[in-house]
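Think of it as A, B, C, D, E and F in the order they're written, each chain with its own count starting at 1.
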Amino acid sequence: MVTEINSITPLLAVLVSMIAAVLILASGKYPNLREGWTFVAAFIKFGLVISMLPLILKGDVITYTVVEMLPDIPIAFKVDAFGILFAITSSFLWIFVTSYSIGYMRSLNEHAQTRYFFCFAIALSSAVGIAFSANLVTLFLFYELLTISTYPLVAHNETPEAISSGRKYLTYLMIAGVSLLFAIVVVYHYTGTTEFSFSGIAGMDAIPQTTLVILFVTFMIGCAKAAFMPLHAWLPAAMVAPTPVSALLHAVAVVKAGVFTALRVILYVFGVDLMQDSGIWLYMAYFVSITIILASIYALMQDNLKKRLAYSTVSQLSYIVLGAVLITPHGLTGGMLHIPYHAFMKITLFMCAGALIVTAQKENISEMKGIARQMPITMIAFTVGALGMIGMPPVGGYVTKWFLLLGAAELHSMILIAVLLVSAVLNAAYFFPVIYVAFFKKPDHELKYKEAPLTMLIPLVVTAIISIVIGIWPDAPGMFLDIVEIAVANVTGGGI
Amino acid sequence: MIGFDLIAPHLPVLTVVVPLIAGFLTPIIGWIDRRLPWYWVVLAMFVVLLIAGNNLVTVINSGTIQYKLGGWDPPFGIEYVIDLLNGFVCLIIAFIAFMVSIYSKESVKKEVPGKTTPFYAVFLLLITGLMGMTITGDIFNFYVFLEISSLTAYALIAMGDRGDGVVASFNYLIMGTVAASFILLGIGYLYAVTGTLNMADMQNILPGVYESKVVLAALAFFMVGFSIKVGLFPLHSWLPDAYTHAPSTASALIAGLMTKVGAYAMIRFMFGVFTPDFVINTTQMTNILAWAAALAIIVGSVLAIAQSDIKRMLAYSSISQIGYILLGVGLANMIGMEGGLLHLLNHALMKCALFLVAGAIFYKTGIRNLYQFKGLGKKMPVTTTVFLIAALSMIGVPGTVGFTSKWYLALGSVDAGQWIFVFVILLSSLLNIVYFWRIFDNIWFGHPHEIENIKRDEAPLTMLVPMVILAVLCVFFGFFAYYPVHYVIEPLSEALLGLGGVLSR
Amino acid sequence: MIWILDITLLFFLVVCAIAAISIKDLLSSIIILSAYSLIMAIVWVEMHSVDVGFTEAAVGAGITTVLFIATLARTEGRSED
Amino acid sequence: MSGIQESVIIRTVVRIMVPFIQLFALYVIMHGASGPGGGFQGGVIFGAAIILYAMIFGISEGKKKISDSFDRILASTGLTIYAATGLACIIFGGMFLQYSAVPLLPDTALVSKYLIDLVEIGIGITVLAVMISLFFDISPPESEAGEVEE
Amino acid sequence: MSGILDIVYAEYNYWIYVTLMMIGFYAMIAKKNLIKKVIGANIFQTAIFLFYISLSDVTGGTAPILMGGHGGEHAADVIYTNPVPHVLILTAIVVAVSTTAVALALIIRIYNEYGSLDEDVIRAARRELQPEFSEHARQKSVAEVSEQ
Amino acid sequence: MKALALFVVVITGAMLIYAGQDLPAFGDINSPSYQAPMTQYFINNSLEESGVPNIVTALLANYRGYDTLGETAVIFTAGMAVILLLRRRET
C-alpha cells in the first residue's frame, strides 16, 4: 500500500528558485551576489529534492495541496518515484550549469545577464514543478511557465535571428500549450478530475474509441516540447541561444519536461491497461521509431555541432517515449531510465560544445580539426558523452539501450529491435566523425587555444565522470535504477 | 457602532447616492480649491468601495437585499434589489473606479488641463450611472441611470485627442442614442403588456404573455440595444475609436467598466426580466448570442493584430473579450455561465490594468505606437512588468485570472457539445499571443545598441500603485479563483439558469 | 378626443418630420423641427397628458430650438443632404 | 440679431417681460402639485427668461445677472436640496425619499405635499441653472453673435 | 363608421409612431450632416414618446389631475388616463434634451477642429491629418494646451 | 451607406409593425397597463398618500421620486458635460 505523506517540501523545492529569481533581480547590479544567489538556490533546491528521496524509496508518495484554484481543481503536488527522478536530474544539473553559465557568460561578456539568471531560475522552478505536479492543471501551469520563462533565454541575443528563432520556439510551444489545454479540458469533461493516478485516471475507458485516439493525438501535440518529428523544428532553431541554455534547457529541462509530460499522460492519465486495450501503444511505437531514425539521419547532415547535438536529442527523446509505449516492465525501465542518463550524457556534450565556442569560437565540426590537442580534457569528456549516446559500455547509455532492447524483444517485435540497432549505428555514424576530426586530423594552421575557464571545465568533467559511474554501477542503492524500478512497479500494478 | 446601525439598512441606496452627491458637490469643492477634487473623488470612491463590499458580504451571508426607495412597496415605488449578480458587479465597479481614481491624479492634470473640476464631477457621475444601472430593480430607473452613464461617457471620451476624441464621442453618442432608444422602446413594450416596471414583478407576469409578439419584439430590441452598448461584433463600430481617443483615465474606466455593465444588463434582462426557459429554449436567444460572441472573439482578435496604436489594439481586444463573456452566457449551461461571469471580473482587472499601463507610458513618453516601445523595459520596469502580467493574463496563461475563465469557457463549450467554440477560444488565445508578444519583443528585446543609454524614468507613484495592485490581483485571483467562484459565481449561475437557488427573493 | 383633429395633427407630424430631415437649409430644418415639437405637444395635450405636452412645448419647441440655433450660429447653415 | 438687439421696442418689451416670465415660472413650479407643471417646466421657463434676456442684451449682460461660478453653484444647490431631502428622510428613520418619515406635521400627506414642493424647487433651480449654462456655453462668443440671423 | 375606419382608429397612433421612428432612424444613420443626425435623433426619440403617450390614453379619459383640488373628493365616475407613462416620458424628455445639448456641444467642437459638419469631409480631413494614427495630432494638442 | 441604412431601418420598421399587431388597441380601457394594479393604485391612493391632486406630480416627486433625482442628475450631467466640452478653462 502506498502511503501518502503530507509535506510542504515539494512546494519549497519549487519556490526556492522563484525566491532566488526575485533576489537575482534585486541584486542585478552586483554580479557576484547575483550569481551567489543562484548557487545557494541550486544547492538548497537539490538538498530539498534529495531530502524527499528516502521516503520515495520506501515506496511512499509525498503530497501537498497548495491552493484550490477552482472548485475541484487544486494546485497540488505529488512526489512519486517518477517525478523525483526528473526533479533530481534537473536540480542536480542546475548546480553544474550555474557554474558553467558564470564562466560562459563572463567569458563572452554577455549583455542582460540578470535577465538570463532570472529566467534560468524561473525555468528551473517550472521544471521541478512539472516533476511534482499532482494533476494535469498544475502540470499545465508549470508547462506554460517553462515556455514563457525560456523565451527570453532563447531570444537572448536580441538579434533578428535570435528573435525569429524565439518566435518559432514560442509558436510551436504555445500551440502545444493550447493543444494540451484542450486535451485537459476533454479529460476533465469525461472524468471529472485531472489528478494523475498510477493506473490511469478512472473513467478514461468510458471515452469512445475515436475520441480517445483524438485525445491521445492532442496530448502528444501538447507534448511538442518532446520534439516529436513533425513538431521538432523549434529545437534546432532554439540552438541560437547561449550554450548553457541549450545545455540545460534543451538537453534537460524543456525537452525532458516534454517527454516527462508524455510519459505522465501515457502512464498516469491513460494508464498501461488502456494503452494496451486501445492498441494506441503500437501506433505510437511506430511513430516514435520514425522520429528516432529520421532525426539521426538529419543529425548526420549537420555541420554545426550544436545543431547536430539538437537532432541527436530529438532522436534520443523518442527512445524515452518508445520505452514508455512498449508497456512491458523492461521497456518502461529503459524509457524512464533514459531521462537522467540522456541528461547527463547530453549535457556533457553541450557543455563541451560551449567550451569550444568560448575558447576557440568554433561552432562547425569541419573547423575542429585537431582541436583535441589544445583542449584534451574537453574533448575526452566529449568522447565519453558520445560513447554513451552510441551505447558503448561502460558509459551509461548502454544500460538503457539494453533495457529497451529487452522490452522490444519481449514483444517479439523485430521491427522495433531493428530500429534500435539501426539507430545505434546511426548514432555512431554522426558522433565518430566529430571525435575523429578532433583527435586525428591535423589542424590547418597552428592552434593556440587553452582549455576553457575552470568554472566551465569542472562541470563538464564531473558530468562526464557521472556518466561513466552510472554506466558501471547502475544498480547502486538509491541511484536512478532503484527509483525507476519503484516507478515501474507503481504503474504496472506491482505496487510496493 | 450606533452610527453604522443607523446607516446599515440604507447602504444599498448609498452605493448610488454617495457618488451622486459627491458628483454634484464637486463643482463647489473645486471652487474652494482646484487641487481638492482629486482627494474628494478618491475619498468618495473609497467610501463607495466599502459600501459595495459590505453589500456583497451581506448578500452572501443573508441573501438578497431589498431596498424600497421612498418606502413604497414594489411595484408601486422604485426598488433596489441587490442579489449576488449585481452585488458582485457593483463591487467590481467600485474597485476599478477606486483604482482609476487614484491613478487619475497626474494623468488628468496633464491630459485635461484646466478642466479637472468638471472632469471629476463627470467622473463621479459616470460611476453613479453605472452603479445605478447595476443595482436597480426597476426597469425604467435602469434607463435613467443608463443615460447618466452614457452622457458622462460621451463627455469623457470627447476630452481625449483633440479632433479624434470629439468625433469618436459623437459617433458613440449616435450609436448610444439608438441603443438607449431601443431599450426605452423595449421597456415600453414590456410595460404595455405587463403594466409594471419592477423587474421581479415583470418576471412573474411575463410568462403569461409570452405568446404575445410584443414580448418577442421587446427582447429583440433589448438585445440589439445592449449589443451596441457592449460593442458586440457587428455593432462595435463606435468602440475602437472611443477607447483609443479618450483620455487615459477615461479609457481605463470605460474599457474596464462600461462594457461590463452592459454585459451585466444583458444578463439581467435575459435571466432576471425574461425567464431562462424563454431565452434559452423558446427563442434560442442564447444560442444566437453564443454564435455572435464566437464571431466577435475571432474578429476582434484578428483586427487587434493589425493595429499599431496600443490603445486601439486593446480596444479590439476588448471586442474579443466581450465575446468571451457573452459566449459563456450564451452557452447557457452551468459551467459556461460560470466562465462568463468570472470573466466579468477577470476582464475588468486585466483590461483596466492594460489601459492604465498604456496611459502611464503615454504620460511619460507621449508614445502610443507600439513599435516605438523599444527599450521601455529599462526605462519603466514596473509599468512594463504590470503590462507583462496583465497581457499574459489576457493570453490565458495559467496562474493568472485569464486562465480560470478560459478553462470554464472551454469546459462549458465541451459540455454543451459545441466543439467549435472550444476551437474559437483556443484559437483566440493563440491570436492574443501574436498581438501581445510583438509588444513584449519591442519592450524587452529592442536592439542592444538602442537601449544602452536609457535611464530609469518611472511613472509617478499615484499611477504605479493602482497598476501594481491590479496586476497583483490578476495573479491572486489566478490562484484563488476558488473564492469568487465558490461564494458568488456558482450559486449565481445556478440561480440564473433556474437550476435551483434564488436570484432575487 | 376628436379623431379627425388627431389624424390631421399626426399627418402634419409626419410631414414635418420628413421636411425637417430633408430640407438643406439647416435653420429652416430646425424651425420645422420646432414646429414638429409643438405639434407633438398639442397631440399629447390632446391625449390628456398635459404635463408632458407642457414640457415638450417648453423643452422641445423652446430650449432645444434655441440650442440648435445657437449651434448654427457657431457653425454653418447649409447641409449637403 | 444685431438688428433685434438695437431695437428699442424689443429691448424695452423684453426688459418688462422678463420679470413676468420669471414670475410665471415660479407659479409653474409651485403650481405643479395641483395642476400641470412642476419644477422641470418651471425651471426651463425661468431659464428661458434669462436666455431671452441674454439674447437681446448680449451674453455678457446675461452673465452679469448670473455669473458662471454662481450658476454652477446654483446647479449643485438644486440637486443638493433634492438629495438632502432624501437623506433627511433617512435620518428620521425612513427610507431614502420617504417623505412621510419626516415628523414635520402630524398629517403625513401634508408633509409630503410640502416636501414635494421643496423637491420641485430643487429641480427648478438645477434646471434653470443648467439651461442657462447650456445656452451660455453653446451660443457663440460675443464677438460673433451677429451671425445668428444670417 | 365602417369597420376599416375602426381598425385605423384603433391603431393609428402606432402606425404614425412607427413611421416617425423610421424617419428619425434613417436620418440618424444615412444623413451625412451631423446636425441632421441630431435632428433625426430627436424625431426618433419623440416617436417613442408618442408611443408611450398613446399607451397611456384611455377613451373617454381625462388628464390625471384629480378634480376638486387639494383635499377634494374625486368623482368616482371620472376616468383618468394612465399617469405612469406620463411620468416616464417627462423623465425621458429631459434625457433627450440633455443628449441633444451634449451632441450640439460635440458638433461645435468638431466644427472648430475640421471646419465642416459633413461626415465625409471630416473623415477625409482626419485621414489627411493623421496618416497612421493620432499620435502626432495628440502630441501637438497637448503641447499647445500646455503653452496656453 | 444609404442602402444599408434603408435596410436597417426597414428591418426595424418590420419589427415594430410585427410587434404592433399585438399591442393593446389605442384608448383601450382594458389594456394590461391600465388595468395593472400599479396604475389603479396610483389613481386611487395618490391624493391621500402624497397630498397632491396632480397624479403625475405625485408619481414624479414621490412614488418615483428617485427617478426624478436621476433625471435631475442627467440634466446636471449634461451641464457639466457641456462645460467640460466648450468652456476654455476653469473660471
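FYI, contacts are C-beta pairs under 8 Å (C-beta built on N, C-alpha and C of every residue); 3 or more make two chains touch, one makes a residue touch a chain.
Note that the structure is a prediction, hence the values are computed from the model and not measured.
Novice: With one step meaning two chains touch, work out the least steps from subunit A to subunit F.
Specialist: So the least number of steps between the two chains is 2.
Novice: Check B-E against A-B and say which one is joined by more contacting C-beta pairs.
Specialist: B-E
Novice: Quick one: which chain's Cα centre is the longest way from subunit F's?
Specialist: A
Novice: I'd like the Å distance between the centres of subunit C and subunit D, where a centre is the mean of that chain's Cα atoms.
Specialist: Inter-chain centre distance comes to 23 Å.
Novice: List the centre-to-centre spacing of subunit B and subunit C in whole Å, with centres computed as mean CA coordinates.
Specialist: One centre to the other, that is 37 Å.
Novice: In whole angstrom, what separates the CA-based centres of subunit A and subunit D?
Specialist: Inter-chain centre distance comes to 79 Å.
Novice: Would you give the residues of subunit C that are in contact with at least 2 other chains, written as numbers and ranges?
Specialist: As it turns out, subunit C has residues touching two or more other chains at 1, 49-51, 55, 59, 63, 67, 70-72, 74.
Novice: Hey, what residues on subunit B touch two or more of the other chains?
Specialist: 20, 24, 27, 69-70, 114, 140, 144, 147, 151, 154-155, 158, 166, 191-192, 197
Novice: What parts of subunit A, by residue number, touch at least two of the other chains?
Specialist: Nothing qualifies.
Novice: Can you list the subunit D residues touching subunit B in their complex?
Specialist: Residue list for subunit D touching subunit B: 69, 72-73, 75-76, 79-80, 83, 86-87, 90, 94-101.
Novice: Under the definition above, what is the set of subunit D residues touching subunit E in their complex?
Specialist: Those residues of subunit D that touch subunit E are 33-36, 40, 113, 134, 137-138.
Novice: List the residues on subunit B that touch subunit D in their complex, please.
Specialist: Touching subunit D from subunit B are residues 7, 10, 13, 17, 20-21, 24-25, 27-28, 31, 67-71.
Novice: Using the touch rule from the top, collect the residues of subunit C that touch subunit E in their complex.
Specialist: Interface residues on the subunit C side: 1, 3, 6-7, 10, 13-14, 17-18, 20-21, 26, 29-30, 33, 36-37, 40, 43-44, 47-52, 55-56, 59-60, 63-64, 67-68, 70-72, 74-76, 79-81.
Novice: In their shared complex, at which residues does subunit E touch subunit B?
Specialist: Contacts found on subunit E: 25, 28, 34, 37, 41, 44-45, 48, 51-52, 55, 84-85, 88, 91-92, 95, 98-99, 102-103, 106-107, 109-110, 113-114, 122, 125-126, 129-130, 132-135, 137-142, 145-146, 148.
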